[in-house]
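Note that the chains are named A, B, C and D in the order they appear, and that numbering of residues resets to 1 at the start of each chain.
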Amino acid sequence: MPSEFNRIRRDPWLTVGLLLLLLLAGLSLLGPLLTPHDPHDMSFMPLSTPSAQHWLGVNDGGMDIYSELVHSLRNTLWFGLLAGVCGLLLGATGGLAAAWYGGWLDQLLMRLADIILALPAILVLILLAAFFRPDPAWLALTLAALAWPNSAKVIRAQALGLKNQLHLQAARRMGASVGYLLRRHLLPELFPLYLVALAAKIRMAVFMEATLAFLGLFDPARKSLGMMISYALKYYYLEIWPYWLLPPIICLTLLIMGATFLAVSLEKFFDPRLREL
Amino acid sequence: MSSALLRNLTIVSVFLLLLGGGPATTSYAGNETRTLKIADGRGDWGYPNPFLHYPRGVGYIRMSWVFDTLVWKDESGFIPALAQEWSYDPEHLAFTFKLNPKARWHDGEPLTAADVVFTVAYFQKHPYHWVMLDHVKEAKAIDRHTVTIFLTRPYAPFISNIGGIMPILPRHIWQEVSDPRNFNEPSAFIGSGPYVFKNFDQARGSYLYEAFADYYQGRPTAERLIYLRAGQPLVALTGGQADLANIRPEMAAQLRQRGFEIISDQRGWNKKLMINHRRAPFNERKFRQALAHAIDRREIIDRAHRGFGAPASYGLLSVDHPMYNPDTPDYPTDQAKARQLLEHLGYRADAQGYYHRDGRPLKVELLASTITAAGETAADRDGEVIRRQLNAVGIRVELVNLEQATTDSRVRNWQFDLALSGHGGIGGDPLILVEMISGEVGAGSVNSARFDDNPELARLLREQMTAMDPDERRRLVHRIQELHALEVPAIPLYYPDSLAAYQPAKGVRWFFTPGGIGKGVPIPQNKVSLLP
Amino acid sequence: MKTEIKQLTVTYREDDHRLLALDRVDLQLLPGRITALVGESGSGKTTLGKALLGLLPPAATVDGQILLGEDDLTALDETARNQLRWRRAAVVPQNGAAALNPAYRLLDQVAEPLRRQRGVKRREAEERALAGLAELGLDRDQARRYPHELSGGQVQRGLLAMALILDPPLLILDEPTAALDCLSKNHLAQLFRRLAAQQKSLLLITHDLALARQTADQAAVIYLGRIMEYLPAGQLDRARHPYTVALYRSFPGMDAVRDLGGIRGDAFYRLLHAHPAVNVQQHRTCGHDHQHLVTPASNHPEEHAPPGADEDGHAPAAGCLFAPRCTQAEDACRREAPALNRLREPDAPQPDIDQGHEHQIRCRRGGIIDLLCCRKTSKSYGPVTALHPVDLELRAGEVCCLVGESGSGKTTLAMLAAGALEPDRGRVSFAGRDLADWRRRDPLGLAARIGIIHQQPAEAVSHRFTVFEIVAEPLRIQRPDLDAAALEQRVLTSLAEVRLATQPEFLRRYPHQLNLGAIQRLCLARALIQQPQLLVADEPTSALDPSVQAKVLKLLLELQIEKGLTLLLVTHDLGLARKIADRLAVMEAGRLVESGPAARVLSRPAHSCTARLIAAATTT
Amino acid sequence: MNTRHQPLYAYLLAALVMVGLSYGLPLLLPGDYIEAVYGSSQVVLDAEQEAQLRQELGGRKGFAAHLWGLVTLDWGHSLALQTPVSRLVLEALPWTLLLLGTAHLLALVLGFIAGVEAAWRRGGRLEKAGVGGATMLQGVPEIGSGVLLLLLFAYHLGWFPAGGATTAYAELSGGPWLLDVLHHLALPLLTLVLAYLPGNFLLTRAGMVMILGSPYLETARAKGLPPLRVRYVHAARNALLPVLTRFGLRLAFMITGALVVETIFAYPGLGTLLFTAIGSRDLPVIQAVVLLAALLMLLINLGLALLHRRLDPRIGHAL
């Protein structure tokens, strides 16, 4: 095993991806200790450019942008992970079930997926917001419910190919139960897909948050990268914008880069065939 | 196949590059000095006629270019429009208007007293909700250019809210029309205003008007008037796409630098904190007063609006209004006082300073709403600041942000505790007080406090409507403001600075009409600006 | 045109080391001659073939000369080399259908070089391609099919037609007959001779020594990148080099007969250490696979052939005389001598001994039992009848080979017998019980009694599993109650049985680190761990090198002999069948046309199809 | 029943469900047209006026009437504009198709070609830069890139207009009109292409890398075919399938996906139409746009499924 870890360790994708994620995670976990100000403190000179006191300046509400960024990052990570993991779980379950059982269940699930994909997301979000209390966890779950069809379709397509592979059929002939086949054969086989899908889902969730904020459909008091972006965009014409708009976008980019790189390298780790590439 | 594809792609990309560097401003240059372009963020405000324009003020303005009223307003106050002069006969409760004999419809027909008579009757049958004709009995043509409108009872806002708002319809067209909402033919847009309606493109949100050469006040100065939708007014202005647009206060400096003229409105629009006074504990006046003491409106302006605004009068009427009562009670920010009032109501603070009563924590929900003066929506931080302020006096606040129409629906149906809202009209006729306070009149309005608990207030609201004597009316309105401030059925928060920028090179001077256009629309698109 | 390879050395750069794929190879390919290049996989045969077309990956370094007529391929740049490809030298690539783009019809791919290299108009190119295909026996309809719709033989002929479309002087045939039945193989061999007669040079890269001997004029034997022996192909059976000899011995042909010997012995439990097959590593260089044996040079394959079973055939004093060699002997057989009995149904209560006129047998079990019995079993896929009603009995402990051409229904019948398929009509009984019913009542019990070995070993195991996990899988499924220690013991035993290593390092390996032979043995170990009564093997050796094939077959036989396994073996290779079969069942077009003891069927075929198959096999 | 057509029935069923949902879901929205439009306007209605107005606007159509309307191609009247919904939709649809269709196609073609070329040069500096760049671009949301482009090209450089689809009432025709349309299209299009392209690029590259080891590519090279033909006709074609699948899935966000860009650049389209209709609770418009979008989506996916069959003969009748 140590040799394998050595090999993995030398993989530049993993190094970069892991470093990025660790950096972001560290920043979001330890950040609050390092931030000089309470991100909700509105007592500074609004729209002032960076200074020793305020490393990235002050936003329109008189809040320290750097502190806001660190807190946003933490919220966004949490939000993205929740939406991503739930969406992935739904997608993987739906996709595998559709591929495995085929027939009417397949048609049912896939057409359900089409229907969900075809429904405009804002309509659904507004509807659900009207009937349930719109807090971020709820929104993340809704986004997961709206986003699962994508992964489900991709996973289904792959699983369909796998289903007819001999080693699976062999296991079936050994009398394996569906649960066993899913657990031991299908799930690990599709692992790379999950990571890629997870990265995509996190991306979608964070972008959607930003979009909803931009359209005025999301709690403006929430600290999140999306919300920061949507606020900063309103002042694109002021001198402050690069310090305000670019940091959250860069954080978002790094987050998605980290997840993607990690997905690429872990793909190799989980697929023994690719290890010696 | 692939190489051909590559070649095509190269061509397309080169083409796009050329495009980028190429025509830029040339397409706007031309000889279009007589075209004026006005931009707003939404674009689509309905077809410009009384029955089809959207009920917001922006829709009314779109219509006002096509349809003239009897009376109009400019910076100095009421000015003649279709009516050259008017008089009031208190004995017969009758207003008599002398019409401008030069007035013509866009199809060339002359405009006569019969049209006015017809219009009143038509609107009595098919209500045009901008105009309340409850107090009007009938209109009679005295001669071809003289018309008298008889009232059933005195109606103080007559000149401003009927004479100054009611568009006159051409009888020869509308007498045939029994279902005005489905009347959408070109003739539905024949009016007597300075501009002829040419086109409305719903998808692009653009309108085209052309000058009416035979306009009775002279041919308008700009040949074509265009409305268009612009996502970013600043870029639209500097890029030459628009000549006039509402802007955010922060944009003013840059635009001034680029030679734009910046104009600002009177304090005619206020942001309000709606209170569900039908629900405990908000039904207690002391509680509402405690809220007023707890909220630091200056801080809201400073924090959420970077100082671009002014605290509003608790009496609801704008401080710029001629009938503003300078002695309206004030609620200076005073956390101790707020806490004192709450404790007087039986609330007890816990260790963290949050209040409880009868074992239940004092917890309220604040609906944040994103409406702004220009009729568009934009998120702001008012809710955040208020939450902090109320939290600071021991009231736990949960901030809820919903889609606008959902928020409106909940407020209208009293499914809320506190809600942020806003409306204009407070610089116009004091009729706004009735609409924004009375539960009977304002039943359908989201912005109306719909507060009838104070009998004196309710009585005064009714009385001022019929007070034809300005001094008498002023006295009543002063008292109403005092009572409103005392009861605080809703808390007027602040008047945000409302700014617009225009390109002076076009030779047109735009202005904000004091008290707003018509029913107090705080938009600087007064047709007087384009008259010779 | 004469083709000459002079001192060709090819090395591959890896991360921190180099791999020698070809080491100073000289080879002359003359017009009108077929040269066979023989050797195991990984010996460098394919690298040589690629080098002839200048198709080595960028990671390869080439020294020496490759002269195609006047032009030295190694001295030309890529554009110039591309000019020569397919005009001077064309290849029939090895992977069969995988070598054809799945997205285009065969015809389009055959016509493509004409259109792109010669600028022939579409219609004409198609006509010429059709003519070329027709010459190889593919009609217009087949020409318009997609690769996946063609059989192996058709693909091979299509590839050949494609290679011939520009009429190149040099033709490289890379394993052209792998996985083909004898009839198709013979047909192709004749074609090759015809082509040689047209003054073409042919390079036949193959591990099929029989084919090489029958078809080629000369042979070059390559091992670890070096030519070990050149010789006239006809003398392959009289080769002098130990490697060639070993190679030839490993290959099943019609000139050997099945050894009936092999009795239980100690050798069975002898553990094998450090099997060289384990050391085969796969290297991927930018997507191009090639194998390289890193065994020490002294490790010749014959040194690692599984040791044969010791001769240890003395009968125990008590019990049935035949018991030690009997494949269905029970403990009781060894304890008590059986008396003369009447023939009876296997499960009927034991009747009294009664000297009578009835059929009697001196066997406790009443003679060889029918372990498997198909009665009027048939199967269709949609409109296609894969199997017409068939009757087949399989006796315990025998090796039955199902032979027939591709598509004759062999696999279908085997899978029906294994219970992996449900028959449309008729019934299959196993050990006297109805198979379908049994599977319903006790699927795990049934699964444990029937082991299946698949044709493609590499695909039948999950590449995510380690060796240990692969072998343990059936027990994990069927015996979740087994504790870890017992499981490990059984896995080790099973691995030892198939002569695979049992060291912990080996158990942690992944299939991709093993060669095909080892994987097939792994499959065997996996099938054996459940201690089945019946082993159904579908072309278990068709994907293997002859040396490996020999080992696997030998192993199968040993196991069959040792454990009394009943073996149902599906093969298209009559030579192989002859080597191991007790009984032959011949299939044609979904019907069982003949079935009987192998010797009888082979010597006196009753059906024309059998005769044809035998004729085809003997001429190869 | 012919099993080949079974999926077709499933699509049909899904379409029917969408008809129901597109009718029912908008009805669930809190508030109605009068509340949403008059509630916060300058017009203050009392109860009586409101009742009368409600009557004038006509009540809600029942589901049966709605269905009958669909069948007879009468999609109702917009409450706000009193014009037929079909006209509003037909006015907005071409712009949506122009913007999104072009963006998707460009992103597909460019991303595909870039992905193929990058995979071909795998391990090279260009490929690494491409992958790094694409991954980075993936982290920039459309709102961000849109506003940045606007800031740079419209505000600072002044090369492109701030918004709109054409110069309003410029009365151009022919070539100048086309130029004007393209000129307005450039920035929103670029924003969308930047958003869609990286995903296509990465997906194509990954698929291509898997394909590059295939024996049939070796065959194609051995045949001495021109390199471009080997790369595109033989290799890339087989990498196209997952990209097309993704294309179908991306279309799902056709309406809402473009809303942000439509808003930033004031570009007309179905997104804006739907968003304003939801804001004013203009039910007939919401119902029509939702239904149209859903049917379009189903149709495109059905088309893609059929295309799949053509592109990959191995799929056969597995639709």
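What we mean here is this: contacts are C-beta pairs under 8 Å (C-beta built on N, C-alpha and C of every residue); 3 or more make two chains touch, one makes a residue touch a chain.
Everything numeric here is computed off the predicted structure, so don't read it as measured data.
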More contacts between chains, A-D or C-D: A-D
On a CA-centroid basis, which chain has its centre farthest from chain D's? C
Would you mind pulling out the distance in Å between where the CA atoms of chain B average out and where those of chain C do? 86
If you average the Cα atoms of chain C and of chain D to get two centres, how far apart are those centres in Å? 52
Please compute the C-alpha centroid of chain A, do the same for chain D, then give the distance between them in whole Å. 22
Mean-CA-position distance for chain C and chain A (Å): 48
By residue number and range, which residues of chain C touch two or more other chains? 284
Taking each residue of chain D in turn, which ones touch at least two of the other chains? 29-30, 150, 155, 229, 263, 278
Contacts with two or more other chains, residues of chain B listed in rising order: 234, 403-404, 406
Listing every touching pair of chains gives A-B, A-C, A-D, B-D, C-D
Going by the contact rule set out above, which residues of chain A touch chain C in the complex? 165-171, 173-177, 180, 184-185, 188-189, 270-273, 276-277
Where on chain A does chain D make contact in their complex? 107-108, 110-112, 114-115, 117-124, 126-127, 130, 149-150, 153-154, 157, 160, 203, 206-207, 210-211, 214-215, 226, 229-230, 233, 236-237, 241, 245, 249, 252-257, 260-261
Which part of chain C faces chain A closely enough to touch in the complex? 282-284, 418-420, 443-444, 446-448, 452, 454, 456, 459-464, 473-474, 477-478, 510, 512, 530
Which stretch or stretches of chain B touch chain A in the complex? 234, 248, 250-251, 254, 302-304, 306, 368, 370, 377-381, 383-385, 387-388, 399-404, 406
List of chain A residues in touch with chain B within their complex: 40, 42, 46-47, 60-62, 126, 129-130, 133-134, 213, 216-221, 230-231, 234-235, 237-238
